[in-house]
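Next up, some structures in C-alpha cells.
In the two complexes that follow, chain A is the common piece, with chain B as its partner first and chain C second.
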Partner chain A sequence: MTAKAHTAPALERGYARLGVLLIAPVIVVFSLVIVYPLLAAIYLSLFQIYTPTLQGSFVGVDNYMDLLTRRAFWSSLWVTLVWTFGTLSLQIVCGVGVALLLHQNLWFRSLARSLVLFPYFLSTVVAVLVWRWLFNDLYGALNHGLMQIGLIDMPVDWLGSMPNAMIGIILVGAWKYFPFVVIAVLARLQTIPEHLYEAAKIDGAGPIARFWDVTLPQLRSVLTVIILLRAIWDFKEFDLIYLLTGGGPVTSTQTLALLVYQEAFALNEMGRAAAYSVGMMLVMLVFMIVYVRHSGREG
Partner chain B sequence: MKLLRTVAFNLFTWSLVLLIAFPLIWMVLTSLKPQTELFRIPPTWLPQSVTFEHYWRLLTETPFLIYFRNSVVLATATTLFVVTLGTVGAYSLVRFRYRGRETLALLVLFTYLLPSVVLIIPLYLAMVWLGLSNTLMSLVLAHTTFALPYALWLLRSFMEGVPEDLESAALVDGATRMGAFKDIILPQLLPGIISTALFTFILSWNEYLYALVLVNTDSVRPLTTGVMSMLISAFNIEWSLLMAASVMMSVPLIVVFAFLQSYLTRGFGAGGVKG
Partner chain C sequence: MSPRRLTPAVPRRAVLGGLAAGAAVAAMPRRIVAQDKVTIRWWSPQSSPEQLAAYETQMRNFEALHENVEVVFEKTSDEGYAPQLAAAFASGEVPNVVTHLPSFAVSNYWRNGLLEPFNDVIEMIGPDKFYEGANDIYEVDPGQYAGTGIGNSAANMMWLRTDLMEERGVEAPPRTWDEMLAAMEKLQGGGIYGAPLPYGRNSMTTLIFIGFIHGAGGMVFNPDLSVAIDSPETRDALEFYKAMRQYCPPGATNYSWGDSLTAFVSGACATGIYTGRVLINVNTQNPDIADHVTCVRYPTKSADIDFWTFNDFPSVFIPKAAPNMEETKQFAAFLFDPEGYIQQLHAAPGHVLPVLQTISAMPEYQNNPIIEKYSEEVDKMAAAAANGFNLGWESREHQPNAKAGEIVNSNVISEMVQRVVLNDENADTVLSETATRIEEIMNAN
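Right, the complex of A and B next:
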C-alpha cells in the first residue's frame, strides 16, 4: 500500500512528461510553418524588398506610413467590408430559410440535402469556372434565362463593370458558402424539443409567430458562432474573388487579401505587402478575439 | 386539402433545390455538348447530341492526368502527415495535464482562423531559400499551415467524446498509456479520424493560393492551378473542355458524398460549428 502511495506522484509526473513528449512534434511543426512565418512577416514589413531579386533594405516603419497615408489599404478595407457584409447576410438568410425547408418532411429529403450541401465542398476553382461560364455575356445561361423570363432585355456584363462585379462575387460567395449555415442550423433544429412548439400551438401561435418566438431564440447561440466564423472566413477570402474578377474592374473588388497578393507578386513590393498583411491581421484580430472568447465561454 | 399543401410544399422546395443545384447540372450538361452547340443563341437547355469527346481530349491531349496525380499525391501526403500528428497531439491535449496546455489549445484556435496571405510571403521566401520551390514537398508543408490547426481542432472535439473510464480501467489492469491509446482510444476514435481525414483531404485538394505562388511548372502543378492555367493559356476558351475538367476534378468529392457523407456531417458537428 505505502509503495503505491509513493509512486502515485511519480506516475503523475511521468504522465505529464509523456504528454509533453506526444505534443512535441506538433509544437515543432507549428513553430516552423506558422509561428516562424508569422514573426517573419512582421520582420519583413520593416524592409523594402524587390520580389524578383529578393534584395532589400531596412526602411523602418515607412511601409506602415504608406499604409496609413495611401488610399490603397483603406479602399481595399472598405471593399472587404462591403463584400463580407453582403455575402454573409445573404448566406445567413438563405441558409436559415433552406434549413427550415429541409427540416420538414420532404420527398427524397436526403437527396435534396446532398444537392444543397455539395457546393460547399466543391473546389473554388470549379465553382468559379462554372459561374464564369454562367455569367458569360454572349453565351451564358444566366443572361438568357433572365431574358427569357423577361427580367432583363439586354445581356448584362456581369463581372466587367460595377456594381455588377460586386453583386456577382457576393452572389457566388453566398451560393458557395451558405450550405455551411444550412448544415449547422439543421443540426440545431433537430435538437429543439417538440413540446416547445406544442405549447406555442396551444397558446394559439401561428407558424410565423412560432418561428420568431420558439425557433429563432433557440437558434441564437449557434447563429452567433456561425456569423463570427463566417465573418472571419469571408473577410480573408482570396480564391473566389481573385478567380472571378481578379479584383477588377480596376480595383473595385480588390479585397485586402487580393491587395497583399498584388503588392507582393505583381507590383514586386514584398515589404509593403507584408505590412499590409499585418494590417489586415490586426483588423481580423478583433473578430478572432471575440470568437475565441465566445467559444471559451461555451466550452 | 392536406395533400394539396404537401404537394405544393414539395414542388416549391424541390424547385428551389434544383435552382441551387443548377450550376452543377449545367456543368455536367455543358461537358456533354459538342463545341458547336455551345455557341447557339438561344442556348439549348438540354444537349441535342451527347458526346464524350471532351473527356477523351482532356485525358489524352492535356496534362490533366499529371495534375490529377499531383493532387492525389499532395492531398494524400498532407492528410497522412497532419492526421498522424493531430491524433497524437489531440490525445496529449485532452488526456494529459501539464503546464501550457490551455494556451496551446488557444493558439491552435487562433492559427485556425489566420489568413493565408499573411504566411505566404515568408513561406515563399523560406521555400526559395531551402531550394524547395516548385516541389510538391513545399506544398505539403504549406498546406500543413491550415490543415494542422484544423485537424487538431476537430480531433480534439472527437477525443473529448471518447469516454474516459474505459482508458482508466485498462490502466488499472496494468496497461501502459500508449498501450491503452492503441487498444482502447484509437478504435473508438476511428470514425472521428476518418471524418477528419476526409475534411483535410478535401481542403488540400481544393487549395489554390499556395499552389499559385509556390509552384509554376506543369510537372508539379496540382489540379486547381493546372485547370485554371488551361483557361488562361487558351486563346479561344473551350468551355466544354473546362466543364469536363471541372466534373473530373469533382469526382473524388462525388465518391465521398455518395458513400461517406455521414462522416462529413459528423465532422461538422464536432469542429466546424461547436467551436
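Right, the complex of A and C next:
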C-alpha cells in the first residue's frame, strides 16, 4: 500500500518530465520564430536606426509618440480597415454563394470545384500583372469592353484615382482569396444532415427560408473562424496592394503594411517602422483575442 | 596439396584506412572547389533582353579570362533597388558589383560607410579614357571616388512625332510652356493623347517633376542644401503640370517609366518624355513610326530660362562587405572592356551614352544602324546629358545631396504633385507641408 502510494507520484513526476521533454522542441521553435522576432521588433522600436547599417541611437518611446501624433499612422489604419472590411465582405458573399452553387448536382462539378481554386493558387505577382493589364487605360480589356458596349466614352482610370483605386484593390483581393471561403464552406455544407432540410421542407420552408433557417445557422461556426482568419490575413496584406497601386493615389490605398515597408526600406527608419509594426500588431491582437476566445468556446 | 591460404594483398586495416581517407577525400573536393570557385554577383535595374544579352557576353568573356570565377546577374528595378539594397546591406548578403543606379544612391551609401573606395578600379580602367569631369560627381572627398559612371543619360528629352506635327499644323517643336500647351491642343485628338507625363506615386513622377521645377527657374534645394521647394517657381510648375493633365491618358495617374515609354512608342501619345531607349523600342516594336520620331530638350516656362536635363549618371559601385574583392574590382573594371561595353551601349543606343571618350571614337561604337540613323538625336542627347543634373547635384553650385535617394524614395514630391493635380488641394498648404517633410528627412539619422 505504502509502496503503491510512493510509486504513483513518482510515475506522475516521470510523466511530467517526459511531457516537458516532448513539448520542449515546440517551445524552442515557437520562441525562435515568434517570440524572438516579436521581442526584437519591440526592442528595435525604442531606437532610431538606419536600416542598411542597423546602427542607431536609443530614443525611448519617441517612435511611439510619432505614431500617435503623425497623421500617416491613423490614415493608414483607416485605409487598412476599409480594405479589410471591403474585401472580406466580398470574399464571404462570393465564397458562400459559389460554395452553395458547387454543392448542387451540376455537370462538371468536380472540374468546377478544381477550377474555382485557381485564383488562390496563382502567384500574387502573376495575378496582379494580369489585372493591371485588364485595368490598363490604353490597352486594357475592361475599358475596351465597356467602351464597346457603350457604357463609357473614355477609358476609366481604374487604379490611379479614388474611389476607383480602393474599389480595384478590394475587387482583386476578393477574387484572389474567395476560394479559401469556398473550400471551407463547401466542406461544412457536405456535413449538414439532410434530414434538417427534409424537416424544413415538410414545415413548408422554401429554398430561401431553408438557407436562412438551416444552412446559415449550420455555417455559423465555420464562418466565424473564416472571418477571423481572413480578417487577420487581409489586415496585413502587402504584396497585392503594393503591386497594384503602390499605396496611391497620394496615400489613399496605403495600408499599415505598406507604411511599415516605406519607413523601413524607403526612408531607412527601421526603428519607426518597428514601432508602427508593433502598433499594427496591437490592433491585430483584437482579432486574435476574439479568435482565441471563440476557439476556446468551441473546444 | 594443402589449400593455399589467400592472404589479402592489402591488409584489412589498410583497406579500412583507405576507405576512411576516400570518404574524407570525397567530402573534401567540394569544399576545396567551393573555396577556389569565386562567384561574383552583379545587380542592375537595367535588364531589357538586349541588355541581358550584352551582360552575358561580358560575364562569359570575364569568366574565360578567370577560370575560377563565375559571374551571375541578378535583376533589380528602379523602384525596388533601395529596399533590396537596404536589406542586403543590413543582412551582409551584398552583391559584388552594382550598376546603373543613380549617382545620388552612391553618395548616400558612401556617406554611411557602405562602399568600397573605387580609385583602384578607375586606375584599372584608365582615368585618361574618361571624358573630362565625368567622375566629378563620384568624387565624394578630394581625390576619393565612391564609384564611377557606366554611362550618361538624358532622361527628360521630349520625343515628338514629326508626321503628326506636320499633319496637325505644329510647325516647330515647342520651346516654352505656352507653346507646349498650344501644341498639345493641336496634337491631341483622333484617339491620340498629347503627352504621357507621369502622375503616379513613384520615383518617375518625382524625378520628372523636379525637371519642371527647374524649368520654371526654381530648385528643390538651395546650393547650401536648405529646402527651397516652397517657391513661386514650384507653384508655376504645379500649375503647368496640372494644365497638362488633360492632355495625358487617364491612367497616367499611375504611370512610371515603362508605362510612359510604351504610351509614346505604341503611338498612343503624340509626344513622349524619356531617354534614348525610345529609339530601339520604336524600331523594334512600332517600325511604322520609326522614320517620324525626333527629340528636343523639354520646354521651359519661358525662353530665357535655360533647359535642365535630368541625368541620373548611371553608376558602378562596389559594396564594402562584398566578398572576393580582388576579383570584384577586376570585374568592375572589365565592364568597360570595349567589346562588352559597346555591346551593352548598343543594346539600347542613345539610352545609356558612353563615359569613355575612347569608346565614343571607336568605329565599332559608331557603326550601329540606330546611332547612324538618329545621329542628330544621339548628339543632342549626349550634349544634354553632358550638362545634366539630378536631385543629388542640382547645379554646379550645389553641394552633393546624400539624402536625395531617401527624398525620392519617400515619394514626398510625387505626393505633392498628386495632391495638387489630382486632389485639387490648395497649392500653398501642400507646398508648405512638403517643405516641412523634406526638412524632416534631411534632419533624420
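Operating definition for what follows: the second predicted complex is superposed on the first by the 261 of 299 C-alpha atoms of A that agree within 3 Å, B and C clash if a C-alpha of one lies under 4 Å from a C-alpha of the other, contacts with A are read in each partner's own complex, and residues count from 1 in each chain.
Rule of thumb we're sticking to: a residue touches a chain if its C-beta (ideal position, glycine included) is under 8 Å from a C-beta of that chain, and two chains touch if they have at least 3 such contacts.
Since this is a predicted model, take the numbers as computed values, not measurements.
With both complexes superposed on chain A, which partner does A:50 reach: first (chain B), second (chain C), both or neither?
Touch partner of A:50: chain C, not chain B.
After superposition on the shared chain, which partner residues are touched by A:280: those of chain B (first), chain C (second), both, or neither?
first
If you stack the two complexes on chain A, which partner ends up touching A:74: first (chain B), second (chain C), both, or neither?
neither
Look at the residues of chain A and decide whether chain B or chain C touches more of them.
B
So in the superposed three-chain picture, is A:249 touching just chain B, just chain C, both, or none of them (first/second/both/neither)?
It touches chain C, and chain B stays clear.
Tell me the contact category for A:37 with respect to chain B and chain C: first, second, both or neither.
In the superposition, A:37 contacts chain B only.
Of the partners chain B and chain C, which touch A:161 in the superposed model: first, second, both, neither?
second
By the touch definition at the top of the document, which applies to A:261: first (chain B), second (chain C), both, or neither?
A:261 sits against chain B and chain C alike.
With both complexes overlaid on chain A, does A:29 touch chain B (first), chain C (second), both or neither?
After superposition on chain A, A:29 lies in contact with chain B alone.
For A:85, using the defined touch cut-off, is the partner it touches chain B, chain C, both, or neither? Pick first, second, both or neither.
Neither partner.
After overlaying the two complexes on chain A, where does the chain B footprint on chain A coincide with the chain C footprint?
After superposing on chain A, chain A residues 54, 136, 138-139, 261, 264-265, 270 contact both chain B and chain C.
Please output the residues of chain A touching chain C within their complex, sorted ascending.
Those in contact with chain C are residues 48, 50-54, 56, 135-139, 154-161, 245-251, 261-262, 264-270.
Going by the contact rule at the top, pick out the chain A residues touching chain B in the complex.
Contact set of chain A toward chain B: 12, 15-16, 18-20, 22-23, 25-27, 29-30, 33-34, 36-38, 40-41, 44, 54, 98, 101-102, 104-107, 112, 114-119, 121-127, 129-131, 133-134, 136, 138-139, 141, 144, 148, 175, 180, 183-184, 187, 222, 225-226, 229, 232, 235-236, 238-239, 242-243, 256-257, 260-261, 264-265, 270, 273-274, 277-278, 280-281, 284, 287-288, 291-292, 294-296, 298-299.
Where on chain B is chain A touching in the complex?
6, 9-10, 13-14, 16-18, 20-21, 23-24, 26-27, 30, 38-43, 85-86, 88-89, 91-93, 95-98, 101, 104, 106-107, 109-111, 113-123, 125-126, 128, 141-142, 144-145, 148-149, 152, 177-178, 202, 205-206, 208-209, 213, 223-224, 227-228, 231, 239, 242-243, 245-246, 249-250, 253, 256-257, 261, 264-265, 268-269, 272-275
Which chain C residues qualify as touching chain A in the complex?
Chain C reaches chain A through residues 79, 82-83, 85-87, 89-90, 109, 112-114, 199-202, 249-254, 263, 266, 268, 406, 409-411, 415, 418-419, 422-423, 441, 444-445.
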